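Got some structures for you, see below.
One chain, chain A, links the two complexes that follow: it is found with chain B in the first and with chain C in the second.
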Partner chain A sequence: MESLGWLEILGRMALRFAPVWAGLALILGTGFALRGRLGLAGRLFGNGIGLAGLTIVLFWLLTALFADLIATHDPLAQLSGLKNAAPGSPAPGSSYPFYLLGGDSLARDSFSRMVAGARRVLAIAPAATLCAMAVGVLLGLPAGYVGGRLDAALSFLANLVLAFPVILLFYLLVTPEIRETALPRTFAALLFLFPLLFLILLWHSRYRTRARPWAVGMIPILGLGLWMWSGLALDADPLGVWRLEPGLLTVFVAVVFVNAPTAFRIVRGLALDLRARDYVAAARTRGEGPWFIMLWEILPNARGPLIVDACLRVGYTTILLGTLGFFGLGVSPESPDWGSTINDGRRFLAIYPHAAVVPALALMSLVLGLNLLADALREESLHD
Partner chain B sequence: MLGTALCLSLLVFWLTHLPPNLEKLAKSQGSARMSDAEVASWLERSGFDRPLPVLYGEWLGVLPRADCGHCGVMQGEWGQSTVFRQPVSAVILRSLAATGWLMLWVMAVMVPTALALGALAGMREGSRTDRTISVATILTAATPEYVSGVVLVALFASATAGLSPLLHEAGWIERRTLFQGTASGAMTRITFWNFALPVATIALYGTGYIARITRASMAEVMAQPYIRTARLKGAGLARIVLVHALRNALVAPVTVILLQLPWLLNGVVIVETLFAYKGFGWTLVQAAGNNDIALLLGCSVVAVTLVLATQALSDLAYRALNPRLRVG
Partner chain C sequence: MTEPVLRLEGLTVSFGTRRGRFPAVEDLSLAIAPGEVLGLVGESGSGKSTVALAVMGDLGPAGRIDRGSLRFGGRELAGLSERALRPIRGAGIAMVGQEPMAALNPSMRIGAQLAEVPRLHARVSRAEARAAAWRAAEEVRLPDPERILDSYPHQLSGGQLQRVAIAMALMARPRLLILDEPTTALDVTVEAGIVELLREIRQEHGTSMLFIGHNLALMAGICDRIAVLYSGRLVESAPAPRLFASPRHPYTRALLRALPRIEGARRPPVPLAGGQPLPHERPQGCAFAPRCGHAQGGRCDVAPVPLETAGPDETVRCLRWREIREQPIVAEPLPEARPGPAVLEVEGLTRRFRTARGTVHAVEDVSFSALEGETLAIVGESGCGKSTLARLIMGLDRPDAGRIRLTGVEVQDRPAGRRPAALTAAMQMVFQNPADTLNPSAPVGRQVMRALELFQGASSAASLRTRLSELFGLVRLPESLAARMPRQLSGGQRQRVGIARALAGDAAILVADEPVSALDASVQAAVIETLLELQRIRRATLLFISHDLALVRQIADRVMVMYLGRVLEIGPATQVFGPLAHPYTRALLAAAPRSDPTAALRPAPAGDPPSALDPPSGCPFHTRCPRRAEVPGRLCADRLPPLAEVAPGHAIRCHLSPEELRKQPPDEERRPAAPLTPSCRGAS
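Right after this comes the complex of A and B.
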């Protein structure tokens, strides 16, 4: 069999992404039709940059979702004779007749690894971002709203973490030696408690005087939350549904730990700004508790900047995950995530660049999409 | 600030002196097949079994040591590196000098480019120039160093892909590749061909970021009443920008550039690893990868000091540049 030309490679790749195109058409079509009723999200359709960002982000989200359908090979399978194969090389006797984007130094399919990497990155980055935002909100709101000594103490802690160069922190926190200690589990137990605590406080502060709705919300929150928490953080889920492998747990904890202080600073700044507003004073006069005011009065009014920040933060987290992979920290060497693949590929970079360039471009486009989206959201929310 | 420095060094000290790290140290210094009892006795002989505050005090130089009295970091005794078999201070000084050259060139490229691009974009908000520059800066700010480094090497320093084979065939260059894919030669002699790619890789990410700050700041200044006054007086655009706007627009970017210094450290670590340039970042990776506790502590002290110093410096610069803060 002959190798494929570049046009044919692109054509075949476009065909493999068919589920993604269908999903994109469906989502963007529906969004466009309903754009008048979608508020801020709908206005993105009238903004060139926003539409571009949204499309790129959705593309990668759908790729992660349909990764099994799109990938041509098993991302870990090695085919003999295809070590460092050029893009479009024939791969006889396997699930697909070609290595569309070539093989890596272990004769695995670059295209399938890129697609599988998307799933891995998009499984961790948004979850880590949400976790960091939960920490930021739960510590930042009281720091900004109450102020005083509490603010001073929390700000000091945040600045302490921020004064660490990120890479030094990674090298200290994400080593195989650390994984032998109880440190990652302790950290995880603490950090994963924040999203749960956030939901509990959110519900409790609103419905504490009404027993029925309180119980209706609190029982599933507590049940599901504690179940997930015990599984993910403590690895003690009795049913074995929620589980994080230890390497992934360390990576997750490190990324949340690095992100939390900056999230804290942003929330604190917003709370400082909003605490003098009339609606806060009104709520206080009504006799509402501090957590109700923080979570139901201040937080909804700070949502604009927080959504923009979350977008940028997912991008930043993707970069951080790539950094960890690039230094071979925390992830298993087999892992198809983009950072590790770049790290694997860089040894033969000058001779066989495709193995490293493919995941590099994938990572760049995802972060670019998120940044464009954040930029457009910021611009559109300023028009409010 | 002193409190922060102490807290941070204690934190690093604790993390590097966790039991598994010490065990690994014992095994690398003794033999890899030591039993648990032998490890324990090695740690006892080396004095690592004492409580952490005592070890920290000795390392800091506050508590006296058995062999040399007060000899810790504060007295300039940084210990011995187990990887390089040299005093830590010598290793760090050498690597800092190498990184200094890299930083110097990065700054020389990044700062003027970023300020010029940002000022150009912010001068007329919403114009075609502004749109183009903005998209370009978003693009470079979305490209971490390990991505841009890989792409740059593939484009300019690969014998099989990118520009080099084309140029080589056309007879424009003698060598197989346009630029060199490693900067190890730059340790002895820096040339354009072995240093351009590492510098460009670090500068790209920072340029986008600083240019965006400059643009926002410039756009804000251009909307001020005094600019309108200058325009109504009939001053040309060049005069308005250079004489009236630029100074006020540069307050925010300058503070950001200073705050970028420690952040550049990340880029330096990645780029030095990617291009095999034996500077501070490369040393840090070696120290951490080989569990060289003394060297890693030394690197941390330098890195943390750098961060705290730039934070203080950027405060000072902000005060110096912003006349509104000069009370008195």
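Right after this comes the complex of A and C.
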């Protein structure tokens, strides 16, 4: 069988991405039709940069979602004779007749590994970002709103973490000696508690005066939350649905730990500014508790900068995961995540560039998309 | 006839928005003669600032002059390039804006900024420029020019900064000075000083001025001619005395009725229903017709109304101006309050803020009580402690000393949130800034509902909803607004929602901190009407904090005058505004603009209030008091006079005896205030 030309490779790739195109068309079409009613998100459709960012991010999200349909091969399967094969090489006797983007140094399909890597990256980065934001919000709001000694203490803690070199911190967290102690588990238990705590406080402060809606929201929050928390953080889920492999858990904890102080500082600064508003004073004079004021009066009005920051932070976390993978930290050596793949490919970069270039381009385009999206959101949230 | 300095003919300016292009100013023709001061009046959104920007050639990327000409001294400005406009700006036309702090570079000394003007326009040497800056500072009556020129903007007070901005605008000797709401951000006393200065400048240099503003009373004191703008169109223009004596257009009449008047004791301003149409919602015919009591269907709402000449130098845009004969509507005087027992008692309340540079005496030993069903006004210049007092009463801040009794219960040690629910519901606050009083990210109905849930939590959801619609009805808002976000409401509507929210717990006491100072006059009158009506119906106590003496005189039962944290006078409004009053109260009254261009000039107290960081010893007002000389020796500077009762319920803090206070110096009406000790504000 002949090797494929570049045009043919692109054509076949486009065909493999068919579910993604369908999904994109559906989401963007619906969004465009409803753009007048979608508020800030709807205004992205009138903004070229925003639309580009949204499309790229959605592309990767859908790729992660449909990874099993798109991938041509098992990302871990090796085919003899295809070690470092050029893009478009024929792969007879396998699930798909070609290695579309070539093979890596262990004769695995680069295209499938990239697609499978997207799932990996997009499962961790947004979740870690949300977790870090929850920590930042829950500590930053009181620091900014209450101020005084609480603020001094929390800010000092945040500065302490920020002052420590990130890479060194990672090395420490993922060294086997530390991983064997209870430290990562304890950390995880603590950090995963924040999103749950956030939801509980949010609901309680709003509905504390009305028993029925209070119970209606609190039961699922507590039930689901504690279930997920016990599974993810303590690995003690009785049903075994929620589970995080120890290596990934460490990476997750490390990423959240590094991101939380910067999120804290942003939230604290916003709260410091917003606490002097009249509507906050109005809430105080009608006897609202501090958590209602922080979560329902201050936080919604800080959402613009926080959404933008979250977008940028997902991009940053993606790169961080890549960096970690590149150093071989945290994830299993087989893992198809983009960072590890780039690291594997770099040894033969001069001779067989495709193995490293493919995941590198994927990483770059995702971060670019997130940055464009953040830019557009920032710009659109300014006019109003 | 001499060539006018500025002549606008058929000027139409439009702005591009998301929804398309809309004209902000339509077919505007105006002329300003040499040495003339033209007032351009309109409510926010009427396009008055757009005119200023068009003349300065600074419409921004979205704005565009569609039609018409803009001739400055015979030269066409419309379509001139940025390069050709530069020599005209500054030397030909100069502009002074609303926010002096924004006009000056915060990181440059005042002297250096002033010296830039002659360096740029006259290309003089550094030393000459410095000398020119000195002369300019003296010209605008800045005390101690040496110190001021060496200061940074943040070290000066608002009034001083505005004088610096005026000095800067005048340095290149422009033929036309555009003043866009130059005193809106300032206190009455400071405002009076600036207006006085502008009058002097005009006399000395013959500078023409375009004075843009929304306060007709203020413009009465300075403008020769006034043009009224409504929804982008000129509706009436006439010489100022004529306009005030016999306004022709129904809108002008309504504006004048809505104006707080210092001479209208206990007659609240008359509101004007509705709001100005947005540019894309302008009606077919007369833009004012939907709000006009004289509009006739089939006539006023058919075609655009042409501008007619009504007399020499007088124009009016109304089809029916000849037919309308209306008696000037004067509001019914307020009924005498029948105050009940004291519901709020404050005793010896003191609050000091310790800062790096010393202690700020924000509130010092303030005692008063508010009675059921009365309106107690608290007046004073900014920095007098009136807002801090409100925050202390509401429990937003803790006093250092003193007692607050709310319906007999002591609450000074219980901050907001720790007070019993019944007491919290009993006293609620209405805030100053309509842009800030509501949470921008929640529908307004939900915000009022939240207050209802807190105060009447036991009630069922259905009864709460009924209560919500009652509250909306009470403050005269259509219920359909409940689903809107605050940004979709006008300033007046937002203030009404704020009032509804405060009433959710059936408040017996409403503390209103400058509730209308950020609103246009017509809207202001409507919100005041709502507040007063609620008070009448529910016999609530209204603590009305304001710097607008005219408004206070119209609505207050009792008045408390504060200065640098201390009460200088408290008593029934009729007496406080009567012949027996504290010299400071008199000075404030004199400074309030009166809507009568023929009124005699009244002296305003010189300078700004001293800083509360380092209050003067003795009587706090002695540094600015015009009657200090009548007190023997250094008594004023050494000892704080007691707040002595001069009549039942009327107390004054002054060393002069009631007889002496009652006796006015015969020439007070015309004598300009001698500049007293130059005020210094300790960089706060």
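Criterion: the second predicted complex is superposed on the first by the 384 of 384 C-alpha atoms of A that agree within 3 Å, B and C clash if a C-alpha of one lies under 4 Å from a C-alpha of the other, contacts with A are read in each partner's own complex, and residues count from 1 in each chain.
Everything that follows uses one rule, which is that a contact is a pair of C-beta atoms (placed from the backbone, for glycine too) under 8 Å apart; a residue touches a chain by one contact, two chains touch by 3 or more.
Worth saying up front: this structure is predicted, and the values here are computed from it rather than measured.
Asks: First (chain B), second (chain C), both or neither: which does A:L26 touch?
Replies: neither
Asks: When the two structures are overlaid on chain A, which partner does A:T285 contact: first (chain B), second (chain C), both, or neither?
Replies: second
Asks: Regarding the shared-chain residue A:N301, is it in contact with chain B (first), chain C (second), both, or neither?
Replies: Only chain C; A:N301 stays clear of chain B.
Asks: Touching A:R277, do we find chain B (first), chain C (second), both, or neither?
Replies: After superposition on chain A, A:R277 lies in contact with chain C alone.
Asks: With both complexes superposed on chain A, which partner does A:L34 reach: first (chain B), second (chain C), both or neither?
Replies: Neither chain B nor chain C is touched by A:L34.
Asks: A:R210 in the overlay: touching chain B, chain C, both, or neither? Say first, second, both or neither.
Replies: In the superposed model, A:R210 contacts chain C only, not chain B.
Asks: Determine, for the superposed model, which of the two partners chain B and chain C contacts more residues of chain A.
Replies: Of the two chains, more chain A residues are contacted by B.
Asks: Which holds for A:A123: it touches chain B only (first), chain C only (second), both, or neither?
Replies: The answer is neither, since A:A123 touches no partner chain.
Asks: Which chain A residues lie in the overlap of the chain B contact set and the chain C contact set?
Replies: Shared contact residues on chain A: none.
Asks: Show which residues of chain A lie in contact with chain B when the two form their complex.
Replies: Against chain B, the touching part of chain A is residues 49, 156, 159-160, 163-168, 171-173, 175, 177-178, 180-181, 183, 315, 319, 322-323, 326-327, 339, 342, 345-346, 349-354, 356-357, 360-361, 363-364, 367-368, 370-372, 375.
Asks: Sort out for me which residues of chain C touch chain A in the complex.
Replies: Against chain A, the touching part of chain C is residues 18, 391, 394-396, 416-417, 419, 421, 424-425, 428-429, 431-433, 436-442, 451, 453-455, 457, 487, 498, 501, 504-505.
Asks: Going by the contact rule set out above, which residues of chain B touch chain A in the complex?
Replies: 4, 7-8, 11-12, 15-16, 18-21, 24, 135, 138-139, 141-144, 146-147, 150-151, 153-154, 157-162, 177, 181, 262, 265-266, 269-270, 273-274, 281, 284-285, 288-289, 291, 296, 299-300, 303-304, 307-308, 311
Asks: Which of the residues in chain A come into contact with chain C in the complex?
Replies: Of all residues in chain A, those touching chain C are 46, 209-210, 277-279, 281-282, 284-290, 296-297, 300-301, 303, 384.
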